[in-house]
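Each chain gets a letter, A, B, C, D and E, in the order it is written, and its residues are counted from 1.
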């Protein structure tokens, strides 16, 4: 028996894999991936045939379902789901994991996309994302390199209700705002560690924290004086899930794995090791009271990507 | 074989088998995959579905849209600068290697190649922590008192990309230049001195022109590798690190616009190929003259 | 012109590579305006001398004086000499004109001036119409002439030529030899010409300097080194020769006798001071050229032998006849006569008498 | 051996590169065991012929017969010929022994057998003690001998040599010439030797094949081509010669007269069929060698002139004298005499008489 | 090549600077593999080999490293064989076909890696060729082929034609000629090409990700790790690789310098 997993670092650690292999006698191989883009290229390129399971966030998941690259779960095979946090127990309440009554993804971990600020440099503590545009912080802001998310959070900052479905006028409005943001931005980063690195070697005051708590954890570990805040306008939040490919070879085994990682012990370890919130054990990731806006599939990813390219290319 | 043999002679047959053998792998593993991909460049997408109606839209868009051409040109300029910089620094090193004799030469050469085996992601990380606003370099310069406040010259801008790519690709420039320098007959340099040329004049008027084929080969290696690198601009380029490589890359992920990506790649390939063919012509001409003394 | 027209003087110049001495202390004085040839077998140090004069190699000892001043420390590009290299060393990336003008260009001459003088120099070597070609587009002989034009355009005090004709075929070589002599006559510059070809040296040089194993063995006119060799090596070096070893006997005015296995031979002493002081019994060679030996018995009675013909070989203009004479035919002997259309009437195995004039017979100490 | 000992025959072999014809239809028969030389100026097609025999180049037309069978389609490595290349083409990464043994090695001979025969071959070329050196560590002449040993070790039917001596100095060249002849005598293999050096061809060949511009002009012994040239080209090609143009007159037995600007000359006709049929008035040259011309008036009265000495030049074994004769001194004339130690008693400007025997004077049609 | 004393000093300085550029970035991982780093500052007084211990236990990384070497070495061997063969073929004559072949060889080197990766992935999928280390090796071979091909071709063109002719003349077959005469004369170029090709393969990420089956290579692991940050054992790993290759190079230079290389100087 063989299980082929495509995952982010931290979602399928060696010790878990070993334990699972011992339990099931299966042969598990994990290929690690660095960006959403590669997951898509890899899964789409092989028409889902190269892997059985892959980790993907709920927003991205939609296109895989659209393209018929996923297979729905049989929830009866995943008894541990009943142990999940209330928020994630009833999948009908979780935006984006179901389509036409079928479950296409099982939530694994999540994080909010908040704001990290240097407590020595930013006083008083900010509450709104507007602070990113504050001319005081010119050249001291780190932003994330992703058109979809940036449009969404900027829309939220501008007070737009549905940040995932923007009208063309709203798009233009957001675009202008983002071009303005560039004045303050030192660099667009793509990974948490990269942000930490930049922070360590440069004068950085504010970080738009795509990786949320995990990023804060890494930074405080490294001795940085930083704090984290979820903006009052509402913080975007991502939710990573396990999805099964259309080319899954051993559906049972795949479901066994998903069930396996939904254990409390593993959830705990995941949070400890990565700093992300897991879906089975409560973790400090996002306070229950914080206003989380779960990422959704946006109106036109292509358009956002193109416009983001335009923004980056803008002088 | 120019014999006018009308039938399939044994040697003809052998030629044919040889040709077939030579073509088979490149055709199967390069032409076939890339040809399908090239066909994609005439398609379009709707959502996550490919629309297989042939169209030239993707190509038109490259020229019509105001961001692609400028970014493309900017990227080309950047990569040319990288090529220029690596040659600027690689040339003296290659020259020294060519001057040295015996074992020293080969030890030095090997030592120059060793850093290639340090994973380049790790290297970029290291370079980044050296270059940052409060990185090692700035700290060092502050400490020595060369500067009073952190220099932003190499912090998240094109300069940083330029420098990083140059450092990463330097060995690819040194080797071809070294090989071409080594082929210049010592006699020509003596002849130049004999005619009264100073060391510098000899270098400028004899050595440099004769090493041009190697320089061009080096430049094309570096240029192509720099063009294909999408990570470095991303990681040290800050806001300016937006290159054509990244545009292409983005078409294959989030955007899911493979047809457009394919079109952009085709354009890139054509331009690079042209550059290389022109470069090679230039180099060949110099080499052809050099070949028979 | 001071010190009696001596342009360049090598005083005790030596050269070693590590422990190997390739040039013993060499003295050589080059006269202003002469055509001097350095001749010697491969590895004798000819190129080494030339390279030290040009400045490409540093001598290990001794002085090189130009107009009486030592120039050993002067760098190549400051010496008023130019070199024509054996392989021409033309710059492959420059046209013929650019090659020729190179020396003026690096001196910073004005463009017009360069153009004018290049034209002149190319006209001199009869290559006016090839100015725009590249070296790879002209023939070997033409390249050689370009190299020459390039060397003479700066009007050097001395032109160094290292076997410039070695790579050419016979016909072209002859033509270039005449051409070089002609040019030298026209521009009156001193030529120092290195070659390993005896005929070439004889055809061209005012003086020939014969070298072997890092030493200068003899320096003199072509006629001198051909007929008045001072050493066995020189005697053997210019074409085939007859050397008969023996012991010196008494002098008789301008003559001296030598006892050899084929009898007492009478030899001419032609102002050879070393012979005047040589004692009786000293070992020496009687030397006479194959072409000086005639058939038949002599009128006088000196220097004649009888022997058996061992070999007759046609060599174009001349035909060589080998003779073995003396006890058991142990002494070999060579005769060379102009060939005749009907061939020679002598065949191997035949006995024949031969003689040569004492004037044609010289002595060389062993 | 069939067809009277003919080993190899070229029948109408021609070669063109694109539109350029570098070899006209050439016929050539090589006899088994002979030493044949192909001689011609640069670019005459010598190498081309040799390469076509070796199989390196395909002929554009014609046949190459080995023992009567066409081998044009046979690949290089199947032909029982071996080549000594002009640049030796020794394998730089192999020792001398490995180079020599290569041909046996690729035939899959046993190691001992190879070692034994390599030793033998190296002994033959007198290089036994250099077996373990690399080509870069031996001198030019030694390399040449290695190339030769490498070619003969496989006992080929025919050995092809492309100017193997061109790069050597005169002394070494002479030595190698004798050496090659000696080897050929010992192993009795057919040698096809390409050269542009007339003296070399004369010294070595049983037969000489003279080429020019892609044609074979004459094929015969050295004496033949030297004294019985059938064309102006061949007459001029072997060293300096005197050619006096004129119109044929009547025959007289073995003699024929020719009217020239310097008078009627009597020439020997030596079995030259083309002359027998040549009509009176036909343009032709009287040809006689400089070394056949003697000073003074003749005993008989034929073939004598008087002229002014214009040039005397010492050339080692011989001294050349240029004479201008005829009306206004317009006909140039060359004499070559053996040099003498005391020099010649003739100097430029002097008048002198000269004559040559009709036997030495041949006719060549213009 | 000649240079005056002054020029030599200048060149040596510049070379020193280039060495600094090339080796500077390597120092950081080396130092951090041996000392504790806190808040971006090296604690010189706290040397530790802990990272090396962790590395020894990290099977995932070691497995990836093994894969990387497997792929690298296979791709180098394949590309050397193919590149040499193709260089021979292209060099053996002139025809438009050969020009086109050369174009094909260069293409994968010119196009962005993601294109090569994706097109190969789609191609393999279409012909139902299972993705595995083999597909990675094919991908890498296709990618580095251009470099090998070019270096070999240049060297080949410089080789005297008469060497090949001499070999044939002595009765050798084509294969014998290649093995006994040409190959030994190409070793320098092949070694250079092998080093550069291995270096490219060693760092190749995108093609690898796309055409891999279930295997990771080192660059994939490093690439994925960027999300959470590198663990200290990575520093230990690259330090070891570096030490190992340097030692190998020095040994090679010490013992393997071919005799002809030393003889050629004059």
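The definition used in the following text is that contacts are C-beta pairs under 8 Å (C-beta built on N, C-alpha and C of every residue); 3 or more make two chains touch, one makes a residue touch a chain.
The model shown is predicted, which means the values in this text are computed figures rather than measured ones.
Chemist: Report the chain whose mean Cα position is at the greatest distance from that of chain C.
Modeler: Looking at centroid distances, A is the chain farthest away.
Chemist: If you average the CA coordinates per chain, which chain's centre is most distant from that of chain D?
Modeler: Farthest from chain D by mean C-alpha position: A.
Chemist: For chain A versus chain C, what separation do you get between their C-alpha means, in angstrom?
Modeler: So the centroids are 90 Å from each other.
Chemist: Averaged over CA atoms, how far is the centre of chain B from the centre of chain E? Could you give it in whole Å?
Modeler: Each chain reduced to its C-alpha mean, chain B and chain E end up 16 Å apart.
Chemist: Can you check how far apart chain D and chain E are, centre to centre, with Cα atoms defining each centre and the answer in Å?
Modeler: Distance between chain centres, rounded to whole Å: 56 Å.
Chemist: What are the residues of chain D that contact at least two other chains?
Modeler: Within chain D, residues 75 contact more than one other chain.
Chemist: Return the residues of chain A touching two or more other chains; collapse runs of consecutive numbers into ranges.
Modeler: In chain A, residues 38, 41, 190, 194, 200-201 touch at least two other chains, as defined above.
Chemist: Counting only residues that touch at least two other chains, what does the list for chain E look like?
Modeler: Within chain E, residues 40, 114, 118, 122, 205, 223, 226, 230 contact more than one other chain.
Chemist: Across the complex, what residues on chain E touch chain B?
Modeler: The contact residues of chain E facing chain B are 1-4, 7-8, 10-12, 14-15, 17-19, 21-29, 40, 82, 85-86, 89-90, 97, 101, 103-116, 118-120, 122-123, 126, 138, 141-142, 147, 150-151, 154, 158, 192, 195-196, 198-199, 202-203, 205, 218-219, 222-223, 226, 230, 234, 238, 241-242, 245-246, 249-250, 252-254, 257, 261-262, 265.
Chemist: Along chain D, where are the residues that touch chain E in the complex?
Modeler: Touching chain E from chain D are residues 54-56, 75-78, 81-83, 85, 87, 89-94, 102-103, 105-107, 134, 136-137, 150-151, 154.
Chemist: Which stretch or stretches of chain D touch chain C in the complex?
Modeler: For this pair, the touching residues of chain D are 41-42, 139-140, 166-167, 169-172, 196-199, 202-203, 222-223, 226-227, 238-239, 268, 270, 289-292, 313-318, 336-343, 359-360, 362.
Chemist: Can you tell me which positions in chain A touch chain E when the two form their complex?
Modeler: 2, 4, 8-10, 14, 29-34, 38, 41-42, 45-47, 49-50, 190-194, 196, 200-201, 211, 214, 218, 222-224, 274
Chemist: Give every residue of chain B touching chain C within the complex, in rising order.
Modeler: So the residues of chain B touching chain C come out as 185, 187-188, 190-198, 201, 205-206, 209-210, 286, 288-293.
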